[in-house]
Amino acid sequence: MSAEGRGHDRPDGERSSPSQRPDGAPSAVSFCGLRLAHPIVNASGTFDALAALAVFGEDLRTEFPFAAFVSKTITLAPRAGNPPPRLWEAPAGLINSIGLPNRGLEGYLEHDLPALAALLAAHGARPAVPLITNVMGSTAAEIATLLAACEERPEIAAVELNVSCPNVRTGLDIGADPAQLQAVLEQTRGHLRKPLIVKLTPNTADVAACAHAAQQGGADAISLINTLRARAPAPRGPAGAPRAWLGGGTGGLSGPAIRLVALAQVAAAAARVSIPVIGMGGVQSARHARALLDAGASLVAVGTESFRDPTAASRIARELAEGRA
Amino acid sequence: MSGFARRLLKVAANERLGAYRLLRLADPHGPAPAPGQFAMLAAAARWGAGEDERPHLPRAFSIARWQDGEAHYLLEDVGPGTRRLCELRAGEDVWALAPLGVGFRPAPDDARPLLVGGGVGIAPLAILQDGLARGRPTLDPSAQDPFLPAPREGAPVTVLLGFRDGERAHGAALLSGAQVCSDDGSVGHRGPVTDLLAHELDRDAHATVYACGPPAMLEAVRALCERRAVPAQLALEAGMACGFGACFGCVVPTRGGAYARVCVEGPVFDAARLECVQAHTGAPR
Amino acid sequence: MSAEGRGHDRPDGERSSPSQRPDGAPSAVSFCGLRLAHPIVNASGTFDALAALAVFGEDLRTEFPFAAFVSKTITLAPRAGNPPPRLWEAPAGLINSIGLPNRGLEGYLEHDLPALAALLAAHGARPAVPLITNVMGSTAAEIATLLAACEERPEIAAVELNVSCPNVRTGLDIGADPAQLQAVLEQTRGHLRKPLIVKLTPNTADVAACAHAAQQGGADAISLINTLRARAPAPRGPAGAPRAWLGGGTGGLSGPAIRLVALAQVAAAAARVSIPVIGMGGVQSARHARALLDAGASLVAVGTESFRDPTAASRIARELAEGRA
Amino acid sequence: MSGFARRLLKVAANERLGAYRLLRLADPHGPAPAPGQFAMLAAAARWGAGEDERPHLPRAFSIARWQDGEAHYLLEDVGPGTRRLCELRAGEDVWALAPLGVGFRPAPDDARPLLVGGGVGIAPLAILQDGLARGRPTLDPSAQDPFLPAPREGAPVTVLLGFRDGERAHGAALLSGAQVCSDDGSVGHRGPVTDLLAHELDRDAHATVYACGPPAMLEAVRALCERRAVPAQLALEAGMACGFGACFGCVVPTRGGAYARVCVEGPVFDAARLECVQAHTGAPR
């Protein structure tokens, strides 16, 4: 199945329609047929809306910072995640080795989805926030099951497919090889009628080729960049032998350190595809978001910066709307 | 419950307390914390540019005291983040997200409270001591202030503090009536604080232990309390990126094999939930 | 041609022999049969020894900071390099778009080589500093010519082959594809009897596979990482249209921002090969060098940090020798 | 010639000069600079953690004056690097690699020196004026001090300075006897400094022009001097990573199409070597 002619509305020559309103009110954006209040969403795995609701209370509901909410990666079976330590602070960034902990598809659908839907429903003047569910599978069959399950649930507006999953045979990310990526998508795309966003891996020789393969395979949008493969230095024990710091061995680098790698990859990918692009990687300000939009992104996701400032996305959306970028 | 935004607070004072600094932030409009809760702090200017271009993320600190519109923090300089905070001067700005996490749940019975602290980990025991002095604990888990305003009766509060050396032992001034010991014998008993704790439990085991300190100490406390069947609450640490449940980075293994996020399920855990307190689940000190 | 049995001396189980001397005198290292005074060299293109001699005078000769000197990349034909601007400061790093300016093989051999040899010759107590010439070609024939020319000149102790050169047909780096890399090396390796170091590209899905391909193709050592592909944000002109900042469009990211990406790649590559590894990327201190050595590197190269501190390499070598890492 | 190591220097003073700061670094043992040479400077502490986690690399600054064991620098806050240097206090430390580059080569003939500066670019003209006052230029290109200690005779030194506004025009105090103009007319003639230069050349074209300032101004000076066949030396700027020829990042195109590194072939170039002075070859101001 090919993406051509797929029904995300898009005015000629534009991948989305963010316009700048001088009054500073964030202006609506259309993305894959979804109407978003502004172009800023969260990066998968960097905001647990339900935990945040417990911590911050009703303020989170009224001032929800993201125009769409992207879940963390959900897998078919539950995962405990990697043993601690899971974090290493890097120069201008963060290495994480979280290991995609999640309660599995069933647990997600049963417990998290209703609670998320309730949180994201229209609230006073605030319109409903579309929910994008991020899923990952290690085989085409797994992916098909995940997509089919998401198709059934009306709470889910779109699916983001995380293809940074190691191929069990080669050990390489499924998404790192364009041909393999396209094949997996072609095998599974038919199970979802909702918009499919493919979240590319940045650990590849040619991200533009992967982007094109995703489009050919039937993606309605692509998102990038995921974290760069990185490793925390091994502290030396008293015996002098270095021991691994991160429970997961290697990890992924995010934050400002990767911002301009992200900009290069987003620009290269956006130049190669005609579907919309969600750009992310180290965004901390409206200026950084603007650079990604200028490079061809339709939406911008904020990840690590939310750890420093939980309302960063609101700030960025507001400053973008005010033209302060 | 923390408001959904970090607050820009002014440094009211930054005083030396032996090897530590007592950082006082003016927070007249902030919500009152419960004992054991913490804050994520970052200097507003020049956060970064230390060792390895760090810190980048905010840092977690127990709220040591809450009085007169100020939050007090006890800081030990162990790396680029604490170093930057330790050097702040009155009038400079700090970003604070607070209060966060689940604090101590004071035992509502008549068991005498035994406060056991090590090093800079004594900080949350100070505000707990304040709370215990203020009133008797409530059973209502949703109460913002876990202490009822009724005067406390029954057993007195016992405070046992251990330090590496004499310079650090100055931190004991944060609490009142503490028994102090030190690793090097420069102050009080020479030996770990669990020596003092064992002695107290020998005297009267009808107690609840509230402990905070380095992992090795907490593990010793946990094991001792387990042997003596004394309920204990342990305030844990872990490396944290966010402090509000967003990153899943701060986990500790709990009994049964699941991981719990220290920032939202803790930092205070019932000792019974833990198989053991592991070192290196976060920033060791 | 395969690398097995190639004659770089290497004690069993060790890729090189840096040992720590408590007296702080840097201890010698053996690398591909070369004897180096310590394990710190320069990263190609980040130190122009002849320019530095003019700027710093004889101090440079007596206190030469590197145990071996690596030239910047030499190509067959002269190159002017990219138009300015060529630099963009990134979070904890630098993006460069220098474009490999050099006077071409002939100019290098005629003008630079004798001057370099004179500078690097033994001087008083300081032993001679081996010269490693870094070359790049866009075809196997070009590479063969470059290697053959280097073979002839006794001033050159070893050659570093930069394989971050775009393939004219695919646009991808020659070094990004393991099979292509091995084939190119097999075609050209015979033209050089001196040690051949292959400088891998980090912009690849599987650097360990590239490392292995280099070894299979006949490399005596590998070096990594080169800069990560990155792009400077486009400043917006008064008309609002973003214009490219770097003369070369995209550029390469170096410095602390890439240090832990480098550590992951060096560890992955070193685990896969039995030939020595030169590790680099964001090294600023003996601690950073030690992390690379612990990850399996035999030598460590210092690049961007020399811009901040021209004697950084000496400092790092000294602190390593003193065990201060 | 710079020693092969950066030097850790103490800030002697940091004074306001209108919109600029005059940073004075104690450098009692440093080699004396020639007019037009520059230094690579970086604050020793907290270099970084500004906008976009910058600065990371040192920054280039013309040496504005060299006297009493101090090097003076005129700074304009235009970004994270200059901001950090502008806020330094006396006693704080700065890393300096200096002196670097090729400075002005004073014309040995009797042509009168015309010093033309714009904005913070007036800095190297101050030390050049000092040099011209000290003696007559030597022809020896290898001489450390290009000024012979003989008293200068002949034509007086003319100084023409242009500023954007009145606040910046305070910088003119760095030189003596300057004619000042401004873009907004708040000080002196309203208009570009090339108006003053044209007027001076009308009066007497037997002159050598020494100019430093923003690219647009330098280009106007270059074009004017070319038309009038007056020799000119232009002190250029370019974004620099190293300052000593290592990175090849600071190039400008020269006549004939080759690129020249500003840090080692310049920063002062004979105008005749340049087709034109391009904007955005480095940090624009």
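For clarity, chains are labelled A, B, C and D in written order, and residue numbers in each chain start from 1.
Quick note on the criterion: a contact is a pair of C-beta atoms (placed from the backbone, for glycine too) under 8 Å apart; a residue touches a chain by one contact, two chains touch by 3 or more.
Note that the structure is a prediction, hence the values are computed from the model and not measured.
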Q | Contacts common to chain A and chain C (chain labels) | A | B, D
Q.
Tell me which has more C-beta contacts between its two chains, C-D or B-C.
A. C-D
**Q.** chain A and chain B, separation of their C-alpha mean positions in angstrom
**A.** 35
Q. How many Å are there between the centre of chain B and the centre of chain C, using C-alpha atoms for each centre?
A. 49
Q. CA centre of chain B versus CA centre of chain D: separation in Å?
A. 55
**Q.** Sites on chain B at which at least two other chains make contact
**A.** 48, 52-53, 56
Q: Could you list which residues of chain A touch at least two other chains?
A: 88, 90-93, 256
Q.
Chains as vertices, touching pairs as edges: which of line, ring, star, complete or other describes this one?
A. complete
Q.
Considering only the defined contacts, which chain C positions touch chain B in the complex?
A. 92, 256
Q. Can you list the chain D residues touching chain A in their complex?
A. 52-53
**Q.** Touch list for chain A against partner chain C, complex
**A.** 88, 90-93, 95, 172-173, 176-177, 203-206, 228-234, 236, 242, 250, 253, 256-261, 263-265, 267, 282, 287-288, 290-291, 294-295
Q | In the complex, chain C residues that touch chain D | A | 45-48, 51-52, 54-57, 59-60, 63, 72, 80-81, 83-94, 96, 98, 101, 255-256, 304, 306-311
Q: Would you mind writing out the residues of chain B in touch with chain D in their complex?
A: 45-50, 53, 56
